[in-house]
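These notes open a run of structures that come right after.
Shared between the two complexes below is chain A, which pairs with chain B and chain C, respectively.
Moving on, here comes the complex of A and B:
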């Protein structure tokens, strides 16, 4: 049963648009899937390889702007941004990796955070190229219906899942975990840590960039404050993985579901809506203290706390 | 170069140095915490924001000059910092998890809560304290009648800079001459050895976090007469503090001072010669350059000099 679970879930998800959900519900589900993609991508680098990035907005934003600039400057459909962003993101990740991967642990984290901020400020100031803070508006929407957007992001998500799973089950995955557990030991065993960290970063960046390019097409409007946002992109990405479960296949998906629903729910509350960051922050603090391995990672702990499962 | 160009250059240099002195104070707080706790406090800028709001309200409600409120705000921040360390960071140090970066992410959470609460209570309006001396300045021509160039020295900037130098010197005395200060340095150098020598490491952590918060709190009070205040300002200063610590060398106090000055000068140079909006990019360029060419920061230069002798 457990072996077939991913296939069953994919089939069920593929049938979802036929169940007659409202447009709003479809929007929420599309967001959830998009965030799971970003979460899975982050998890590959942060969860498995142990390189905690605080700057995934740098990749998301560049992906989004690749699509946006194609449309705005060259007049080509923004959908071409999805294949093109693979190339752009791979190059970007190589440059960022060259600079940041020489740092370890928290210092890597902060260096990536700085990268995200550099790109945001650059996008704000390069007005001729990006329109600065005005942002880029995609005037023609490809579809009014959400169904096709849904299938596209679902395809990206399935692809991401397969890529992550294949990598983690291969030799590469063992290298990643070895680097996470002890970089010096991995190095002394003959693992070229710089090379493998760079591989993890490039794949993670490309997958995040795909989500970014999709975002441009789906939302139809981007500006630097939104796609390079520190809290609303980079930190939320980390939260999704933390809440769901670091270094688990389904953690980011569960986390994305929880966070998107939570965000929508909190924003809809009267008055408390503006406090969503406080509540997110408190949630983050509680998760770190009580469920350090997330909902999926600490599932047995939750079951025990609720009175199910075996008593130890 | 004609006189005007020299004038602009010197004026930029002066304002950069003044700004750098204040940056140094922020950087020292962060570098202390990093040295002792081995974690990066990503709520550092937010702590400064909290301190600035305190100074702001002290000024508005009780008409206490921001320079005097340093003595009120810094102790309050000291206890605030200790409380954060005691009730939030300490429990996480004991939790086992896959990622050791948990503590850093925790400070991000704390920062988010502080910034958002400030927005809720004080709205996101830009505020500033209308002190009387805000636009006063000393002019070179007042003292030297026929000077070929004209330079000015803003009063609040200079006073802030001087106070920050005084605080830094006081801190230096505390760290090198007192028992507690020496214990803090011992903990930073080697945790286990310090423990074996009978240093109460747990308490040193509390004191260090408190001290870091107090320093950045003092910096907040010094910034308030010359800067404006809004809830989202914290994130920006967290980054500045981090850039300074990387520039200066991790955990090095002297490095943080030099790093702060370099950053201040560099930023004001970019603002003058490239454009205001680019100043943050200049900040990160110097950060990236430091990472590539001088990964140990200024501290590593100092050390290699000393070994060379």
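Moving on, here comes the complex of A and C:
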């Protein structure tokens, strides 16, 4: 049963647009899937390889701007941003990796945070290229309906899931986890830690960039404040994975579902809505205390607390 | 025939401290060489220099006639030198089997091959019954043996063992000595740091003694244990050393 679960889920998801959901509901689901992609991508680098990035907005934003600039500067469809972002993100990740991956632990985290901010400021100031804080507007939307956007992001998510799973079950996955657990031990066991950390970063960045390029096409408008956001992209990404379960296959998906719903709900609250960052902070603290392994990682604990699922 | 490992006038300084000072010796293929000396003598530092964690401040290290000093640890491991850590470094949240599989990938073409090698090595080191346990929870004796298993999985020609017997109970000690002897039978050369005098004297073909970073004696176990400098170095220290 468990083996077939992913297939059943994919089939159900493929049928979803026929269930007569409202446009708003479709929008929420599209966002959930998009955040799942970013979460899974982050998880590969942060969860499995142990390189905690506080700067995934650097990848999301560059993916988004790859699509945006193609449209705005070259006048071709922003959808070309999806394939092109693969190349652009790989190059970007090589540069960022060269700078940041020589640092360990919190120093790596801080360096990536700085990268995200540097890119945001750069995008704001390279006005000829990016229109600065004015942002880029895609005037001709491809579809009014949500359906095709939904299928495209679903396809990216399925691809991401498969890529991550295949990698984690292979030699690369063993090497990533070995590096996370003890970099010196890994190195002395013949693992070229610099090389494999770079590989993890490049794959993670490319997948995040795909989500960014999709975002431009889907939302039709980007500006640096939004797509390079420290809190609303980089930090939320980490929270999604922590809430769902670090270093689990489904954790980022579950986390994305929870966080998107929560964000919508909090924003809709009168008065409190504007304090959503504070509320997210409180939530994160609660999660760390009560579910340190996230919803997926501590699933048995949750079942027990709710009174079912006796120990077998 | 060139020795397997040549340590040529190697020094390593930390600021003003000479942790290793002008040390030279060779290790020949098939030997077990014991490396002994009081605490702080520079033994672990010398391992770190051989294995590439530290560059020698002076001197050279040759492996099979090729200069390896300055190479990164993963390159040195690929060339055929594996090590264990005095302060064990298990890949904590991985199972015992996965710890060894991760190392076995170095010279395997497929996951199947890596797993097969790893299982064989766990059998060889007497860890098979623990293979599905998370390595974090293992008792110290097992963790020490896991260090050895993991190093073996990289299929080394030279194995550096850093106090693999420290903290073991008598039963574990006997098991580990058996493992070392079997490793030698496989044709793997061993350079071993050990505090247990009886053990080191019984398994080593030759012994090198360090004190305050300098080599003060080298020879067969009998020669070394009669050496006045060695006796003084050990008697000068707390009796339990």
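Descriptive notes on the structure:
Just so we're on the same page, the second predicted complex is superposed on the first by the 310 of 312 C-alpha atoms of A that agree within 3 Å, B and C clash if a C-alpha of one lies under 4 Å from a C-alpha of the other, contacts with A are read in each partner's own complex, and residues count from 1 in each chain.
The rule is short, and it goes like this: a contact is a pair of C-beta atoms (placed from the backbone, for glycine too) under 8 Å apart; a residue touches a chain by one contact, two chains touch by 3 or more.
Note that the structure is a prediction, hence the values are computed from the model and not measured.
Partners chain B and chain C, brought together by superposition on chain A, fit side by side with no clash.
Contacts of A:99 after superposition on the shared chain: chain B is touched, whereas chain C is not. Judged by the touch definition given at the top, the superposed model places A:281 against chain B, while chain C stays out of reach.
In the superposition on chain A, no contact is made by A:29 with either chain B or chain C. Of the two partner chains placed around the shared chain by superposition, chain C is the only one that A:171 touches, whereas chain B remains out of contact. In the superposed model, A:184 makes contact with chain C only, not with chain B. In the superposition on chain A, A:110 contacts chain B only, with no contact to chain C. Of the two partner chains, neither chain B nor chain C is touched by A:58. Once the two structures are superposed, chain B and chain C can be ranked by residues of chain A touched, with B on top. For the pair chain B and chain C, the minimum alpha-carbon spacing after aligning on chain A is 5 Å.
Across the interface of their complex, chain C is touched by residues 169-171, 174-175, 177-178, 181-182, 184-193 of chain A.
Of all residues in chain C, those touching chain A in their complex are 51, 53, 72-74, 77-78, 82-83, 85, 89-94, 98, 101-103, 105-106, 111, 114, 150-151, 153-154. Across the complex, chain B meets chain A through its residues 39-40, 42, 88, 91-92, 95-102, 104-106, 108-113, 115-117, 119-120, 235, 239, 242-243, 246, 250, 275, 277-278, 280-281, 284, 287-288, 291-292, 295.
Within the complex formed with chain B, the residues of chain A that make contact are 46-47, 50, 52, 54, 99-100, 102-103, 105-107, 109-111, 113-115, 117-118, 121-122, 124-125, 180, 230-231, 235, 238, 242, 246-247, 274-278, 280-282, 284-285, 288-289, 292-293, 297.
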